[in-house]
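Chain naming follows the written order as A, B and C, and within any one chain the residues start at number 1.
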Amino acid sequence: MGKLLPWFVIATVVLMGGGIIWGLAFAPADYQQGNSFRIIYIHVPSAILAQSCYMLMAVAGAISLIWKMKVADMVAKSCAPIGATLAVLALATGAIWGKPTWGTWWVWDARLTAMLILLFLYIGVYTLHSAIENEITAGKAGAVLALVGMVNIPIIKYSVEWWNTLHQGSTFTVTERPKMPPEMWIPLLVMVVGFYCFFTVVLMLRTRAEILKREKRTGWVKELVEAH
Amino acid sequence: MTTPLLEVKELFCERDERVLFEDLCFSLNPGEIIQVEGPNGSGKTTLLRILSGLSQAFEGDVLFNGQSVSEARDEFLSSLLYFGHLPGVKATLTPEENLRWYCALHPHTRTEGISAALANVGLYGYEDVPCHSLSAGQNRRVSLARLHLSDAPLWILDEPFTAIDKRGVARKEALIASHAEQGGSVILTTHHELGLRDNLRQVSLGSPVEVV
Amino acid sequence: MLNDPQNLSLTRVFWITLKRDLMLAYRRRNDLVSPLMFFLMVATLFPLGVSPDPQFLSQAAAGIVWVAALLATLLSMDSLFRSDFDDGSLEQMLLSPQPLALLVFAKICAHWMISGLPLTLMAPLLAVMLFLPEQGMSAMVISLLLGTPTLSLIGAIGAGLTVGLRKGGVLISLLVLPLYIPVLIFGTGTVQAASAGLPVGGYLAILGAILALGMVLAPVAVAASLRISVSD
């Protein structure tokens, strides 16, 4: 894993760097929302990633429960705080986008509310992990909770969307976005891929730290420490 | 060479950053009694919990009749009677109700034997008294009454003689001996000096190794 | 060497477990009233804290009753397994060859009968105090009847995961509240639709579907959680 890390770091820097510059400087200003819409270059990727991260956490948890692989357990544990941070980022950038566009910092639309609930699910898993002292038991309990959450996510999404249509009325649909010309969505795509790379980097670093922490009594770790 | 009833291979267990035991191997055949002994904190209770399937925090193999415990789960649980630190007795129920519930949970028990079992542990006349009115020792005896009720061949007993008087201890020892004579097997831990001599082996757990 | 095992059918095991839990609850009858009082008190907080204006209350009534029911259920969840864990009965259940999911399901049913069902029966009282429109009344009761069992089922998952922890109570709420949100949305949606004179069949069907899904999946998840919690 250590060998892959540098490649991912380079990829992250290139893609995110390129994406940010392109998005901020070169994409044309949207005719409706001016320059403030550029925040979607961070908002959309972080939202997409927050959801993917939860799926990964649940799948890794399932693998660790069924096939009892320690690595899967540690990946799942590392995902929780990363995913929570991404969700917070998505919500914060959503708010920053919202203020100039609709006049309020927060709006109870379907997607933002669903993202908020996703954040709650992350907080639940993370809190459960930290409340249980035995690491292996904590990982298993978190995996069960993440799986239960994953089963619920479609139900939650559906119910929130339904709730939103009921209460929003037809003033304006916040979730709809006008079609974007290629000059706008290509940098968005670049940013999404860049975010995935960044996420992978952070996940690898955290998992590596977790592995070192768990296996600190085994021989190869001692050798590693002595070598430094 | 018959397969042993219970076999432990290269068992490894770590708790709170200390290795409790590693490379632990032993087997238990029908008719044998094993006493697990060691200083306090050496992992005796942990070992018993692992053997009974309550704890999964180990590496290595625990085999029941040659199959791993997780594969032969139903068969294993039907053949097991576990007596742990907690009596498993509900305070708001009477001894009879508690034992009835136990019979519902375990197929190899007979509800007809409940009164006799309670009499055997010295609780004749207390069948309908709520357990919160009984002393701690009496509560433990309600739990011990299961030994008279159940046909399970494998007994795993964690400190069964605690809070029992001398006569009671002698009676329980005799019960354990006759269980072994009839082909059952027992693994137990106890602080008492056991009067049993035949078929008794000892497995010693050392003091836990400090991990740097 | 072994006697013929008494052949207890699964239904019989279910009933014995259910009766046992109901009997345990009956012997502690005084404890049963607390969630109901909590339910009443929470509902009272809204007119006191926001406004007793009938216009506001009748609009908010569905939500207030549902939220109060949700919180009262959460409050009672911790006791589902705690006493069994503390006295060792839970260990014996885990060591039983009977399917743990069945035992768990029976316990959850008993729990609903002593918490969710009384809440549902008390709801009309609260609805009257909060000026819920008359057309909404029966929808309120039916939605709670379908929804509170689901709340008990999902709450049991939280209880199973935290039964070994000391501060289990607050933690359960944190784990379980996000999962309660769909039931809340559709439950209140049913009542609000009925209050406005609209048909409620669809919402009730959804609540029923969620309940069915919960009845199948939750006991399995709870059984897994209990094994994990006890293994420490």
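Everything below uses one rule, namely that a contact is a pair of C-beta atoms (placed from the backbone, for glycine too) under 8 Å apart; a residue touches a chain by one contact, two chains touch by 3 or more.
Note that this is a predicted model, so its numbers are computed, not measured.
For the pairs B-C and A-C, the larger set of C-beta contacts lies at B-C.
Averaging Cα atoms per chain gives one point for each, and the point farthest from that of chain A is the centre of B. Averaged Cα coordinates give chain A a centre that lies 48 Å from the centre of chain B. The geometric centre of chain B is 36 Å away from that of chain C, both derived from CA atoms.
Centroid to centroid, with C-alpha atoms defining each point, chain A and chain C lie 32 Å apart. With touch defined as above, residues shared between interfaces to two or more other chains in chain B number as follows: 57.
In chain A, the positions touching at least two other chains are 134, 137.
The set of chain C residues that touch two or more partner chains comprises 231-232. On chain B, the positions that touch chain C within their shared complex are 52-57, 73-74, 77-80, 82, 84-93, 97, 101-111, 130, 151-153, 182-184. Those residues of chain A lying in contact with chain C across their complex are 65, 117, 120-121, 123-124, 127-128, 131-132, 134, 137, 140-141, 144-145, 147-149, 151-152, 155-156, 158-160, 162-163, 166. For chain C in complex with chain B, the touching residues are 1-3, 5-8, 12-13, 16-17, 20, 23-24, 27-28, 83-84, 86-89, 91-98, 103, 227, 230-232.
Note for the complex: chain C touches chain A at residues 157, 161-162, 164-165, 167, 171, 174-175, 177-179, 181-182, 185-186, 189, 210, 217, 221, 224-225, 228-229, 231-232.
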